[in-house]
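There are structures below to look over.
In the two assemblies presented below, chain A is common to both, partnered first by chain B and then by chain C.
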Partner chain A sequence: MNDFVLLGVLPYIAVVVFLLVTIQRYRMKGFSYSSLSSQFLENQHHFWGSVPFHYGILVVLLGHVIGFLMPTAILSWNAEPVRLLILEVTGIAFAILTLVGLVNIVLRRMTNRLARRVTTWSDLAVYALLLVQVISGIAIAVFEGWGSSWFATSLTPWLWSLIKLSPDVSYVAPLPGIVKVHIVNAFLLIGFFPFTRLVHVLVVPNPYLWRKTQVVIWNWDRSRLRKTT
Partner chain B sequence: MTLNAPKTLLILFFASASLARGQDPPSEETIAFYEQNCMSCHTIGGGRLTGPDLKGVSERQTREWLVGFILDPKKVIDSGDTYAAEILRESRGALMTKVPGIDRTLAEKLLSFIDAESAKETSRYAGLQVSDRPLTDADIARGRRLFLGKDRFEGGAPACVACHTVNGLGGLGGGRLGPDLTSAYARLEGRNALAAWLSAPPSAVMQPVYRKHPVESEEILALVAFLKNTAESGSSDAPPATLSFLLAGFGGAIALLLVFDFLWRKRYRAVRRPLASGRLALDRQS
Partner chain C sequence: MVFHLDKCIGCHTCSIACKNVWTDREGTEYMWWNNVETKPGTGYPTKWENQEEYKGGWKKNGDKLELRSTSKKKIIPNIFHNPSMPSMDDYYEPWTYKYDELFNAPEGDDQPVARPVSMITGEPMDIEAGPNWDDDLGGSPVYAANDPNMDVLSEPERKQMLAIERMVMFYLPRICNHCLNPSCVASCPSGAMYKRGEDGIVLINQDRCRAWRSCVSACPYKKTYYNWSTGKSEKCILCFPRLESGQAPACFHSCVGRIRYLGNVLYDADQIEQAARSPDGELVEAHRKMVLDPNDPEVIAAARASGIPDGVIESAQKSPVFRFVKDWKLALPLHVEYRTFPMLFYVPPLLPVMSQTEGDVVRSDVDDLFADIEKTRAPIAYLGKLFAAGNDGKVRYALRKQLAVRIWRRHVTVGDIDEETAKRALVEAECTPEEADAIFKLTSLATFDDRFVIPPFQREMAMEMITDPHEHRSSAGFGFREAPTRS
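Our next item is the complex of A and B:
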């Protein structure tokens, strides 16, 4: 398909859909803002899915955001080959961690009877999009390195051109197909975001990180309670 | 300030009308386009670089053929055109890129510009703007630092290592987005073509980035010295480091999984599981 449509038009459609539907859904169905966790249904396999996936994706996303907001800082860091290696190996390690988590999440969904029962089509769409995103990202890091540097020089100017409403796709149009798959799929994820459980990203209860611990204690005799029921 | 709308429109109309005519002296845009996109591979009267010398090109082929070739070189070559095949062979397989932003009008203007330059005794595009002084060991060392990014390019251009590798860099080598440059010096047949190439990199990926951050002539010389040295000392391309990189990533991921397993070693075991199975101490006391 035309590069300009994919890299110069699709991003705007995705962002507009994201903004409109996110706000609309919050106003109309605010209580549907949830990750729809199935942790209560099964929590052993869940640990090896959710924990690696979330820590992985947070670090990888942070890397992308820094490359976008502070490209010169990344390039300065990468000016020393050892530091470039540290950054790239850290990135690929967390990316693989993300993939391990994601694969576990999908496997659990497919094999666990209870989890499968609460799985919707939008969940499956999210898994498909995320798998494409993470696998293409790892493929880029491995076969098209060093992405931390060329993201700052080729992707960042293109992203800023989008923000300035004068899209210049000449930076990204000649990049290899796998990079374009990663980019286009990222915007598909943004576009689908408000229709899926991904909205929980917007309502993460961050204060849990620093609020005081709460301990829940039952102070009645639970075994007697069980016998009587 | 108030704008006189009809007058402004009139000026714009005449300005665009004069731009559309080809036989006028070349506009600044045409010259800038030539310098940005053509000069790195061609001279006008200075012999071949990566591509052929363009002096008198209009005498060698028809205008229609030339315009067609400029618009899409690959298409003409793929069509089985014998002249195009010969050019490709003379360029040792270096395919001319389809220049972003080119159209029929611009191609016509470029050809008129090349014709005008060809008519001159000596075109200012006959030679390079880069000095031909001898290359020194200091140049090689500086070139290596520039390649790795340890020394910054004055114009703010990104270091080569982001996308390219050469043999002998150590570690996991350079980037893999662009081609291995170990034999770049040999591929481009020496100093002049390589220096010209670096003065305005014509590859589609590099062009938008380096257009805004050109590499200075002394820096080009240093890079040429480094790549010449690499081509002469290193025998083959650098071995791909993809596997070691991937293995390092897997190692890191496994280490992180072990850390998680350790940090959450009491997960669901201290309270929830005993609670669910009715084996919590509190239950047993009653």
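Our next item is the complex of A and C:
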């Protein structure tokens, strides 16, 4: 029963909250979509937090997405123990990079008086959730050697069952507690996401790479204006 | 925009006017959209002109123009931590005083004092720097001596400039230049920054800014600022709400020295890219060439064809900026070598006219009232670095003409200079008596309407372009956006 609530209901709540609130927040309070950078207030420690954290988490997330989209590829890769080892070690390396960044971020926020000034409750909640997430992830990688294969064989079908609206928690119910912590916390993160500054992830500036260099905006439609005068 | 530096008295009224109107909010306390710095000096933020450190503006890479900081290529690795971002230490930590302690302190043996407290954290703090720490050459062994523009001077020249008997200084009021080729706009990953087509004002859409902070490092003049509270960048908006209702911007309006001139110019935007690739020494000329003569029938026809309303063309014809920049060639852009083509031009300072250097000593008791410009106190090379990307000839031309105007007016009003001498000075400066009188009039006697020629913004018509004025005719009152449907 507990498993069903946590693994069969919570994900839906989290995703619905995520979708509704991000969209509504964008429409009603677009102004609040910002990464709220504090680099301006503290410029040195920031580097050792922000950079490792972001690179680490991007690679780790990418790994999860690949596991979800191409489970068979992961399984056949893992067929050789050496290759499994390579995958796990890479994963752990980037996870540790993430953790180092995160710890630095939290330390900086606690020790620098200016950074502390702009740290809100929602930031603290994000840090707490992220710490649980990253630490549990590393624990799985270290203590449960077959993590990536499990992802492919158990999590992927379970996620698909969620997507198909017929949640089947039997895929994940037997997994060790630490994996469940990782999963449940992930959905908590998704649910809290739209209330925090994490929304900056959704507005990463990709059009910059192909837009024209300069931006000029006219209020007048010049040709029509001519006719009206 | 033109600022006439000879007229600036360094009173900071402009800065205060701006601060009171726009930057008196949490997160903006440290911002001075208008600031007045003493030159030589390190300015605000400290050493902003040192682009080796701040990486502002454009640089020429072969025949290509590249942003020195976060270009498209560099944004990907640098988005998580901007390596050339100034931090609050480069500006200053804003503070206030606990004034209430002066009144509420319990009775005691000591005089109560108002302690300084940080405007960021509210905690007591030691004041270490402010936005004008080197005002009037205060602390010049540290500040003036570190002015990045002094690089062009030889060691003896530097020493002389700072020697107490030769001390030279002038004020440099700065606002956003609303550049033609703004590196801030080009660097904004969100596309939140833009230049308004009608009036060229450079703005940041606050709803779209996501705090990537690229503009802060990309602007070589350090005129976009990061609001640490809202997580959005902000900058001078040239008081567009005032302009749209026909008023001059607050700093222009309040300027005590009446040094500020505002007017629109017609320019050829197609030339920008080519011009920005000119060699350093030709930048001033390339910039000037883009400004078109609004009295030229061809220019008028072309402007009409591209939909510029007649009112805007008419005000361009009356624009004091056109006269100073193009007609008279007196006003020069600040640090045009950053290749953003700033649209704020400065008339370089000539003062003090009456002193002359003899060896290391400055004398004010010479008979010749009008010293040779080569002997003015501020070395031409220094001014050339500031206002002409090292092309000292441009500065020399402007100074010589200003001096000729003075000689001519001295002849006209006092009469102790004979006509022949005065006319010779004019000819040498490529000036005519009529032009000299016009320069004199616009410099010294200009009224409000001469100084600020604000084109009609035609908001009523602009509105029609955005929304149909009939749209709300049959809608219910109280701001409902939907028309009632009953049929």
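In this text, the second predicted complex is superposed on the first by the 205 of 229 C-alpha atoms of A that agree within 3 Å, B and C clash if a C-alpha of one lies under 4 Å from a C-alpha of the other, contacts with A are read in each partner's own complex, and residues count from 1 in each chain.
In the analysis below, a contact is a pair of C-beta atoms (placed from the backbone, for glycine too) under 8 Å apart; a residue touches a chain by one contact, two chains touch by 3 or more.
For clarity, every value in this text was computed on a predicted model and none was experimentally measured.
**Q** Once chain A of both complexes is superposed, is A:Trp121 in touch with chain B (first), chain C (second), both, or neither?
**A** In the superposed model, A:Trp121 contacts neither chain B nor chain C.
**Q** In the overlaid three-chain picture, which partner chain does A:Val51 touch, first (chain B) or second (chain C), both, or neither?
**A** Touch status of A:Val51: both partners.
**Q** Output check: A:Phe31 vs chain B and chain C. Expected answer is one of first, second, both, neither. What do you get?
**A** In the superposition, A:Phe31 touches chain C alone.
**Q** Of the two partner chains, chain B (first) and chain C (second), which one does A:Tyr208 touch, if any: first, second, both, or neither?
**A** Once the two structures are laid over each other on A, A:Tyr208 reaches chain C alone.
**Q** Have a look at where A:Ile92 lands relative to chain B and chain C in the superposition and call it first, second, both or neither.
**A** first
**Q** Which partner chains sit in contact with A:Val142 here, chain B, chain C, both or neither? Use first/second/both/neither.
**A** A:Val142 contacts chain B only, not chain C.
**Q** Contacts for A:Pro157 in the overlay, against chain B (first) and chain C (second): which applies, first, second, both or neither?
**A** first
**Q** Shared contact residues on chain A for chain B and chain C?
**A** 43, 47, 51, 55, 218, 221-224, 226.
**Q** Provide the residue numbers of chain C that touch chain A in the complex, in ascending order.
**A** Touch residues, chain C against chain A: 72, 75, 79-82, 85-89, 120-121, 123, 181-182, 185-186, 188-191, 193-198, 206-213, 216, 226, 228-232, 304, 306-310, 458, 461-462, 464-466.
**Q** Per the contact definition, I'd like the list of chain A residues that touch chain B in the complex.
**A** 43-44, 47-48, 51-52, 55, 75, 78-82, 84-85, 88-90, 92-97, 100, 138, 141-147, 149-150, 152-154, 157, 168, 170-171, 173-176, 218, 221-224, 226
**Q** Going by the contact rule at the top, pick out the chain B residues touching chain A in the complex.
**A** Where chain B meets chain A, its residues are 100-101, 148-150, 152, 158-159, 161-163, 169-172, 174-177, 203-205, 207-209, 242, 245-246, 248-253, 255-257, 260, 264, 267-268, 272, 278, 280, 282-283, 286.
**Q** Contact residues on chain A for chain C in the complex?
**A** 30-31, 33-43, 46-47, 50-51, 53-55, 113-114, 116-118, 197, 200, 203-205, 207-209, 211, 213-226, 228-229
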